[in-house]
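Some structures are shown below for you to check.
Paired with subunit B in one complex and with subunit C in the other, subunit A is shared by the two complexes that follow.
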Partner chain A sequence: MRRTFLLALAAGLLIAGLAGAAPKPLTWALSGNPDSLDPQKTAGTLTFQTVRSLYDTLVEPDAKGQIVGALAERWQTSADNLTWTFTLRKGVKFHNGDALTSADVRASFERIKNKEFASPKASEYAAITSIETPDPSTVVFKLAKPFSPLLAALASGWGAILPKSLIDSGHDFSSKPVGTGPFVFKEWVRDNRIVLAKNPDYWLKGLPKFDSLIFQIIPERAVQVQGLIAGQIDGSDIIDQEDVPMLEASGKVNIDRPLTAQIFVLAMNCSKPPLNDLRVRQAVNHAIDKQAVLDVAYGGGKPVGTFMNYGNAYYRDFTSLYPYDPAKARSLLAQAGVGKDTVLEMVLPANYPPHVKAGEMYQEMLSKVGLNVQIKLVDWPTWLKDVYTAAKYDFTAIAHTGKLDPDGTLSGYGTEKRYVRWINATAADYIAKGAGAVGEENRKKLYDQAMMIMAREVPFVFTGTSYRRVVTNKRVKGFRMDPILDTYDFRHTELQ
Partner chain B sequence: MIRRPAARRLYYAALLFLAILGAAAIAAPLVAPYSPTEQHLDRRLAPPSRTHLLGTDNLGRDLLSRTIYGSRSALLVGIVSVAISALLGSLVGLVAALSSPSLDNLLMLVMDSLLSFPTVLLAITVVSFLGYGLVQVMIAVGVIYAPTFARLVRAETLALKNEGYVEASQALGTPQVLVVFRHILPNLLGKVVVQCSITFALTVVIEASLSYLGLGAQPPTPSWGLMLKDARDYLVQAPWMALYPGLALAFTVLCFNILGDSLSERLNPKL
Partner chain C sequence: MVPGDPALVIAGVDATAEDIAAIRARIGTDRPLPAQYLDWLWRVVRFDFGTSLTSGQPVTALIFERFGLTLSLALLGMLISLVVALPIGVVSAVRRWSFWDYLGMGFSQAGMAVPSFWLGILLLLALAVKIPLFPLFGSGSLRHLVLPAVALGIARAAVLLRLTRASMVEELSKEYVITARAKGLTERMVKYKHALRNGLLPVVTIAGIQLGYMLGGAIIIEQVFSLPGLGRLFLFGVYQRDFPLIQGGVVFVAFAFSLINFLVDILYSVLNPRIRVG
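Up next is the complex of A and B:
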């Protein structure tokens, strides 16, 4: 009996030893289940974080946010900016063995533009009137009018190139993605993990540098922290300031703190009294200690003062317009005649704890200057429907994700299309002209004007841009997170 | 009468705890050292100390004050929803027992189908339909526990109906309503009171569960469930955030259960 036990133990140790010899896969914590793995059929960040390793785009943002070639080696635009010609890289293969040609590019964009397909991102390609493929390595986009934001749309996750043969055969890309990316899809166990393996034929020679990548789905932040400390997971990007001392004490991880490209705001419904009164919105802005909200609820950051993320090439500093000044807030509210009897509703998305925490801080700060604000928690679909679409709210705390092009951030503001229902024809006009203008200097002049009007008229409290904490095990080197798209780039990552 | 002294001591301890809890809930503004919603941003996640006896939470709010005010949400939901379920359930049970067999079957079918749903699931459904908030929770919980009362009252009434003194009273021509008030209700009271105490414990748990899920008390209203929800992310860094509301919840439920057991021994002459 005893001998059998010892034998079994020895065998177990041997197996453990053999398993230890094989390289351990890189395990990354993903904070939720992606709704789909089809990059053209969703707007969910979790999807793009996953499929970044499975697909490539014609162009892509580099570490500084500049757009450089990827599947397209080079591109040029005609003098009238109505014809964009892309030359494809040679020798690129899809995971199913197909060689990449211009026909695949055309099929991909026709798929996303197809009305019946109903992609949430279709409108970003609306400027394209036709796609021509004069030879297998050349794609020509024809535009109805000059539209500078198109380049950013081509560089975003939803600009992924899919193989034409599988598009034609009606392949289910949502659960079995096939692209040209650095990793090949292996399996997706819903609510558990997504497993990818190295693509040996990747067009960047010698990359990626490790064999197996696992996205482990762990919704609880506290569990992710414990996983990092135990060495069960190699990285996470949703770590809080409060977790840092514990992680540092473990001595097992590196902690990086880059700025995100997000804009955290307290949005106000400008179509409803009393927030349709500029003085009330100004009072709200003076009442909020933006740095305190950033530090406590969002883990630190930079206040912005207008509707553009800190660090963006188009950002301009307007933070001095409405400093934290509760006394001034009270006198503005007195002028506007708003007192305790006016009950305002703050609708918060219950599934985002940082926004709920920020909302509780906003409410407390507003109550100190005499505004009566009631908090109402709603689930995410209700928030999208009632707040973002129907504008049935007074206040809401939310973050706007980074965009590669300023038009992505600003388009629609100044009109009734956006959920703050802030109407300003002058600002809307500058924003519309900015999309058609060519060249950063020309566009900057127009967007400067629009951002200045927004900074003065404050449809939001522009709380700021936050830091994020990317924590990786010390064996992981060269991980990169795209600062604007929030996606993970494992191509240059090494395991030691 | 409870004969075992240990059980009697438990009963008095439970009564004492609930009396203190009730007094704290009523006198919360006098007892609590701070406002339950005031944020001390410079003292976030502070461990228990002399300034904050139970420590502070992630927004620097005093946990002792929040725990005291939290008893208000718990007891309020308990009282109102138990009242709703006791009244509604007893009414349905009485009508079912004293009416025609077809109406009896129909009413009990409705009650039984309500009972067949898992409680929390049913509560979530009702609250999703009515909207989030404490008032909605009270209504939801009140309706959910009504069937328990209905079955109890129906069964007791059916038994009482055949008692000699009830039949005698009916034979003398006393109107049905008077029979119910004079003979049936007084005899039901003991059982219903015991059921109230047990249901109270269940409603406190349901209120906490729904608030924990974000469907009950809305922030910054202090509620034990909501405090536990806030504490979830800080279990390692600030365990006191979860400990005290958790203890308050556990003791309250335990005391109501002890009370229910003791009452059933006291009020049930057959034991």
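Up next is the complex of A and C:
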């Protein structure tokens, strides 16, 4: 009796000892609460940053932005580019135990394409006319017309594969996500934290390399910084340049400064005088010191001369077209006959302080060349409606997020669909042809033309692409942030 | 009408016109406003507040999962506020223009002038970073609530303190106080039994109103202390034009406010027998 007790005690102590030795979970700071954890029902970046660890896609971008196989081992397209055949990886399991089959892939894309489901991303899959599943590991997409951007849509967060059994039973994916991803969903206390645990059956053997991942929702920047210094937070990617010296001085963190894939712009409404006059838009471009705006408002970056992010495979340098030259700006404005009596309205999204700061800099630079610009601050829904949808503005400062495919960045420009209301049939035609063309070289030729026209006709001031600051605790090794999708990849991350 | 369209917020910047139209049809904002409103009213009388447009969760569930925290924070904040305000206010009134009065009034001025987010950050830096007695972020235990309740309580205390003082000063100058003194009651009895009881009435009213406000959430404090309270829920409801959530929130807060006012009225009769009915 006593011996059993002692044995039990020893075992208990051993277990307690082991449990005590279990490493601390990795705690990552999120600046806000995701709307939903359903990858097909939202456009919110916070959602995709979280669900990247819960779901996989058929294909995915690698570290260089090249699209490689993920749940699909390989794929091929027919000679007419109307049939895309994906061969699924074998032995992949969903977190609920279901084995991944072609039926799950089909059910996932039928869900996102379903009109009643009303996914914000449905149109990205509009080219798919039917999905066939000849056998459990083969999926065939039939397309109405050749559409190269589809591959990027399959690699983006909303291309996540969900289990058919749960789709059929009406499972609430928005609060209880179930995927094939490297981590399994445990708990979400809204506006507080999201807890994930390692998926022991993940299809990349030996990954992930740590057991528990916590997304801690911390809206206050100062608290994130203090949490990083105190070692209570292991990482954050939304650190301001002003906080860098304090973080560096702590000696507790590594600071990485990769380029984002964003394009920061001063957009101009080309449908209204005086900005419908090319000379005025050129003057505005000469009036802006792009590097200064990037450095002061956006924490540093690289100027771009056209509507493509620096570092993109499709980027071409047109920065020499409109250098900073206030004298030239003044003479162009004089030619166009625009003076102080013309009041221009700059509508800025008040919830994004960097854009407000940039807007104030733009205003000052424009006033130096003789333009009278009034700032109006609005909240995000008003901006979306008045500026982005109804084009009731003259200027606005905003950033366009990175896209895996150039069509995602450029589509719709040159037509009245886009908020700059810049009409150019030639550019629009090149952009439309670019989506149907196949192969990077062929597409590049078309997009080069479109980007050149945009660079010359300047519906924007193409301010540039910014750096971000990813701060991690020194115990975190091998963290990767997708440069284009802004999502977190913890699969190769190790804790020391 | 508040500008903005929830379908545009849900759709994000890359959606096409077709995507946006489909979202409008799903959330029902493609119908005329009166139809939407009547539909909402009809559901509300059956206690169905609908589902949040952005999260897809029932509005009542979203509110109730946060109510516990907001109620605890409000009660703790109010407790701290009363514990600070009442003694200082009474002492200030009883010893008017003394050193203690000036100290109390100085504290009140400072408490009203200091923004609560700044006080919150200072408290965090002092008592969660320099001396790590309290957690820096997160929620779930009483320890997580102490600093935010202090930050919230101090701001409220500043107001209540002035009110307590003014109300006590007024009571002490009334005739019944002179009568009480004339009939030979001790100063202690006069001040702390007769005057205090009457002097507290306006304080209870204002404290009740303040508690009602706090039940709607303390947005800034929740933001600084990363607390999942009602304030942030409703704030994001407004940011995202999540109409069912905002409307449900307004009904909820109005109800909580009425309930508190009712309780205050009951408390009145306990404090002051003259108000008792029958």
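Some points to look at:
The rule we apply is simple: the second predicted complex is superposed on the first by the 476 of 496 C-alpha atoms of A that agree within 3 Å, B and C clash if a C-alpha of one lies under 4 Å from a C-alpha of the other, contacts with A are read in each partner's own complex, and residues count from 1 in each chain.
Note that a residue touches a chain if its C-beta (ideal position, glycine included) is under 8 Å from a C-beta of that chain, and two chains touch if they have at least 3 such contacts.
No experiment lies behind these values; they were computed from the predicted model shown.
By the touch criterion defined above, A:381 reaches subunit C but does not reach subunit B. Once chain A of one complex is fitted onto chain A of the other, the partner contacts of A:168 are absent, as it touches neither subunit B nor subunit C. When the two complexes are overlaid on their common chain A, residue A:222 makes contact with subunit B and with subunit C alike.
Look at A:230: by the touch rule set out above, it reaches subunit C but stays clear of subunit B. Look at A:246: by the touch rule set out above, it reaches subunit B but stays clear of subunit C. Contact with subunit B, but none with subunit C, is seen for A:357 once the two complexes are overlaid on the shared chain. One of subunit B and subunit C touches more residues of subunit A, and that partner is C. In the three-chain superposition model, subunit A touches both subunit B and subunit C at residues 220, 222, 226, 378.
Within the complex formed with subunit B, the residues of subunit A that make contact are 220-222, 225-226, 240, 242-243, 245-246, 292, 296, 350, 353, 356-357, 359-361, 363-364, 374-378. Note for the complex: subunit A touches subunit C at residues 32-33, 35-36, 38, 41-44, 115-123, 126, 172, 174-175, 189-193, 216-220, 222-223, 226-227, 229-230, 232, 351, 378-382, 384-386, 388-389, 400-401, 408, 417. Residues of subunit B touching subunit A in their complex: 37-39, 41, 44-45, 58-59, 132-133, 214, 218-220, 232-237. Here subunit C touches subunit A in the complex through residues 3-6, 8-19, 22-23, 25-26, 54-57, 62, 65-66, 121, 124-125, 128-129, 132, 136-140, 222-224, 226-229, 232-233, 236, 239-241, going by the rule given at the top.
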